[in-house]
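Heads up, the next two complexes both have chain A, just with different partners, chain B and then chain C.
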Partner chain A sequence: MDYFLELFFGGLTRGSIYALIALGYTMVYGIIELINFAHGEIYMIGAFTAFIVASALSLCGMSGWSLLVLSGAVAMIYSAAYGFTLEKIAYKPLRKAPRLSPLISAIGMSIFLQNYVLLAQTSDFISFPSLIEEFSFMENVTVMRSTELVIFVTTAVVMVLLSLFIKFTRMGRAMRAVAQDRTMAMLLGINVNRVISVTFIIGSALAATGGVLISSHIGQINFYIGFIAGIKAFTAAVLGGIGSIPGAVLGGLILGWTESFATGYVSSDYEDVFSFGLLVFILIFRPAGILGKSSSEKV
Partner chain B sequence: MKRLICSLVAVFMVLCAGWAYAAEPIKLGVAGAHSGELRSYGLPSLEAAKLVVSDINARGGILGRKVVIVEGDDACKPEVAANVASKLATDGVVAVLGHICSGATKTGLGIYRDANIITMSPSATNTDLTLSGAYPNFFRTIGSDDYQAKIITDFALKKLKLKTFAVIHDKADYGKDVAESAKKYLESKGARVVLFEGITPGAVDYSAIVQKIKRSNAQMVIYGGYHPEAAKIVMGMRNKKMKTLFISDDGVKDDTFIKVAGRYAEGVYATGPADTSKNRMAIAASEQHKKVYGSDPGAFYLNAYAAALCLLQAIDKAGSTDYAAVSKALRSNWFDTPLGKISFDKNGDAKGIDFTVYQVQKGKYVELGK
Partner chain C sequence: MKAVTTNSKRPLPGLVLSEIAKSAVVAVWFMFLTFPIMVIRISPLDNIIEWRWMNLLSVGAGTFVLSFLWRYLLERKERGGGHNEALTWQKRVGLRIRSDRRIHVPGLIVLAVFAVIFPFVFSSYQTSIMITALMYVMLGLGLNIVVGLAGLLDLGYVAFFAVGAYFYALMNHHFGLGFWAALPFAGALAAVFGILLGFPVLRLRGDYLAIVTLGFGEIIRLILENWNEFSFGPSGIAGISRPGDFGIGLTLQGHTIYLYYIMIVLVLLTMVVVSRLRNSRIGRAWIALREDEVACQAMGIDKTKTKLTAFALGATWAGFVGCILAAKTTFINPASFTFMESAIILSIVVLGGMGSIIGVVVGAFILILLPEYLRAFSEYRMLAFGASMVLIMVFRPQGIISGIRQRYVVRPEIEPEKGGEEDAACA
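This part shows the complex of A and B:
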């Protein structure tokens, strides 16, 4: 039973990270129908920012939770700035172009950002400080670690806040309106550019959160971590139904559990076979993903 | 205007003629991971080659010709290695020092073989590269995976007297090769392999495989692969308060591993080329590196230094850059290198090179002996 629970919580942690990144994919897709392939890189930049800030602050003698919160906050702001700029530089000029153009632009930005960090920082793996402290009340719990607890509590809180934001605030309503029909929203006086920018800012901040949390859980980062995490999170978003926010979280968790249990009970040789097999299987029966609504192409 | 063009063309032609008169330099290809996450394995070889070549050029080159280096960066990726190999072959290199990773080397070798280019790797340890007999143009200045796996299992069985093992690898050419050989040796000696699995390199975390190791109750993990994944697994195990021993190959015997895994690295075993710190040439080569690059040399530096020396001396002894003559010279002569006196057997494996076991103690790899 312990073994099952350990795998369960391991999968939950991994799934939470996928979910945090997948939220960014799904929100952007929901609003401008673009798959933002540079999103994984924003996650990586978040992790690097937190690393730099945390190193600087711990030199000044700061430690514990304040260090985590402060470096996390700086990472979120910095990544959000990257997300905002990314949209302005790479996607906005192409908004009226054929759909393939922004996609290529996204892939280009992804390669650019990776190499930028490679050159500006290092290609080596760097040891990431464990910013999340061990709780004393967790000492006798063997099936999970404090970092795992922090990761999925954070994901749950973020998910609830995001849903409330989209449901009840003016900006949230504007986002839903733009997602439904951009031209109509514009005619009704919604500042579409602002809505899109806000979407990118929120998505990037969430990715940075995921980057900081998982890095302090695993303890190492390099410039390439965004690629694989990005692919997996994209899979999660498609699995849950791209464009749907609860779908992204559900997709992330299902993917995390599938990988964890497949490794635990079958073999880690086939970890990816199971996760992508599941994706194919679900897309056969629900082409729009688990919670996605299939809609006809807008004319 | 026309006059100007005419005179430019004339000057250009004179220059060309001048080049043709000077003796063609001997081109030595140096290929490997010069960028990317595994560059800490590739760059030291490039540095070694540069130092050897500048020494030889200072003494007048070989066969009266200067040696120039042609660099090829494969980032340890087989698909890039194919391009690099084709480019080097087109550039007309006489021999290649490289590649670094086994997978990339394997891809490049076929191309070099067809172009009659001798290839000598300081680090590619895959067993098949030499023993399959498919690559007569291949040599190396490092022991094979099979040999390394034998050292690992002998150490675990005889020195540590362990009985149950979990064998994990990263599904790539190099790691899998070590793991499979280790499994073979363990089973032939009657030890139990309770877990044998491949992991996906670069995955977000390895908590599931760590749980599995924990449940298998293995006394020791034998890992075949490189340091990034090894660090994640070791850190995962220690975070779960597991005291399972961990031994790996020379893909982990790199200081980056200790830097990344920090205090968790303590006690980890890894095999690597035997200590050569008492060899006079090795001391000189390391000193030279410190003087030129201002730091201690990195992984495979001495192996690459030895490889560069062997290649160039063999060309000198053969008296030509002819493929058959040079490979005969490599097999029939003994060369003085920082690794000791070495020669090459008919498969291309070096004679006179040894592996040994190291352990991380107080943040440093300490040699334990076989």
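This part shows the complex of A and C:
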């Protein structure tokens, strides 16, 4: 039972992170119908920025929760800035281009950003400082670690805030309008460019949050972490129904548990095979995802 | 003409100032953006911060200049004037080269002579690099069927490459099967895998398809890496036989030259087959499917059959090249079949021009030979690949050499026949 619970909480943690990254995919897809292939790289840049800031600050003698909050905040700002710039360079000039063009440009951006970090920093795995401190009340709990609790709670809080933002603010309403019909929203006086930028900024900041939390949980990063995480988060987004925010959360959790239980009970060698297999399976049998609406294509 | 008129408007002092201000803003923004990653580096051993301020300056200066270029090109593209002019200029030169026998016949002869004497003039190291480039030409042409003609973005193309390579390696290892016997089967097996992948993804639209094929490619690689009993895991398979020489007894250098000629023949074969395919009924169906799936079905084209043949025929070439790779290096392991490989092949197709055969050949030579000969820049290779994919998509989506659409011109005064056949065969 303890083993089961351990896997359950492990899966919950992974699932939360996938959900945080998947939100970026799903929001961007909902608004401009583009798979932002470079989203995983934004997450990776968030983790690297946090690593650099945290190391620099801890050399200056800072420690504890303030270190986590400060480096997390800087990482979020930088990831958001990267996401904003990415959209302006690689996607905005291609709004009217055929569907394949922005996708190829996104793949190019993803390769570019990976190699940018590889060349500017290092190709090795570097150890990430554990920014999340152990709670004293968690000492007797064996099935769950403190970091896992922090990750889960943070994710839940972020989800709630995001839902409130989308539901009740002016910008949230504009985002929903643009997602439904971009041309109509433009005619009603919504600044579509600004809405798209805000979407990229929010999605990227969420990815950075995920990056900082999971890196400090796992304890190491390299330039390539964004690629696998990106594909898995995309799987989560598709699983739940791309374009749907609760769907991304649900998909993330299902994916996290699938991986956790499959590696725990079947084999750890094939961890990624399970998630890719699940992705292929879902796309074949229910391409619209669990909570997604299927739509037909018109000429 | 339009470009000239705007140029004469440019040197207004206010305009110049505002352009400089814009570029300055961009430069400051990128200096901010790249600050933590480009400037600070923490050495992991002794925890010392290394400040690299020079990087900041070069980023600032570089983006300042580039932002002028970026805005100028974007403006030109949006106006469309300069762009179209360049295209017609190019078309004129292209048409002239193709239509004028005095230019293209000597050109082809020089090229052919160069290709034939190449291994005797240059060292066997150079020949080996050329073989690699030719392998990528074939891979690019194969992927061009799937991506360029049928418009199906396949990010797991390397999986078929792996299938061919592992087929020959395993057959050679266990049963001692020779290269020439394995080659057709490697292609056929890759085609079967292409159909296997094609079936489930038939219903998927462009971007979903990309992700599923990527997942498929990764699954194949992970299986090869982890299934030790079958594929010998990450350590790979060594001691694979080189192509059989029918008892001549070639030296190592002789084998390289031999493989070079095999590649030349295979590349020519691929070019002929792909160009004939493109002008065939199925090729036109692919192009129609790329342009509009729903309309294409409405015209009575069998979507299932068309997509599956695209996957199968595209995969076949990767299977052949996989077999050749195994025979060339005599050693393979799963590390040769990562996503990056797929990305390189895709960038060859994108850079060269989707749908264009000559374009893909040129693209492969540029992307493979350039980093080999500019060793100093070889570590920036992938960086440049990524950047060029973005830039090509933004400024020149048709690639270096765009595919020429076949046109049927009725010329009543000569004979009522199609006039574009030669054009298409050359392009």
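As a convention for this text, the second predicted complex is superposed on the first by the 281 of 299 C-alpha atoms of A that agree within 3 Å, B and C clash if a C-alpha of one lies under 4 Å from a C-alpha of the other, contacts with A are read in each partner's own complex, and residues count from 1 in each chain.
The rule is short, and it goes like this: contacts are C-beta pairs under 8 Å (C-beta built on N, C-alpha and C of every residue); 3 or more make two chains touch, one makes a residue touch a chain.
This is a predicted model, so every value here is computed, not measured.
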Chain A as common anchor, with chain B and chain C clashing or fitting: clash
Which superposed partner A:E133 touches (first chain B, second chain C, both, neither): neither
Partner chain in contact with A:D269 - chain B first, chain C second, else both or neither: both
First, second, both or neither for A:F112, with chain B first and chain C second: second
Larger contact residue set on chain A - chain B or chain C: C
Which of chain B and chain C A:L283 touches, first, second, both or neither: second
Partner chain in contact with A:I89 - chain B first, chain C second, else both or neither: second
Partner chain in contact with A:L7 - chain B first, chain C second, else both or neither: first
Overlapping segment of chain C (options 331-339, 349-357 or 385-393) - the one that collides with chain B in the superposed model: 331-339
Overlapping contact positions on chain A, where the chain C interface meets the chain B interface: 124, 126-127, 227, 269, 272
Residues of chain B that touch chain A when the two form their complex: 35-37, 39-40, 171, 197-200, 202-205, 207-209, 211-212, 215, 227-228, 231-232, 235-236, 239-240, 256, 259-262, 264
Contact set on chain C toward chain A in their complex: 29-30, 32-34, 36-38, 40-42, 44, 47, 49, 55, 74, 77, 151, 153, 155, 200-201, 203-208, 210-212, 214-216, 218-219, 222-223, 226, 292-295, 298, 339-340, 343, 346-347, 350, 379-380, 382-383, 385-390, 393-394, 397
Chain A - residues contacting chain C, complex: 34-35, 45, 48-49, 51-53, 55-56, 59, 74, 78, 81-82, 85, 89-90, 93-94, 97-105, 107-117, 119-122, 124, 126-127, 227, 231, 234-235, 238, 269-270, 272-273, 276-277, 279-280, 283-284, 287, 297-299
Chain A residues within the chain B interface of the complex: 3, 6-7, 10-11, 13-14, 17-18, 118, 123-127, 145, 214, 217-220, 222-225, 227-229, 232, 259-261, 263-264, 267-269, 271-272
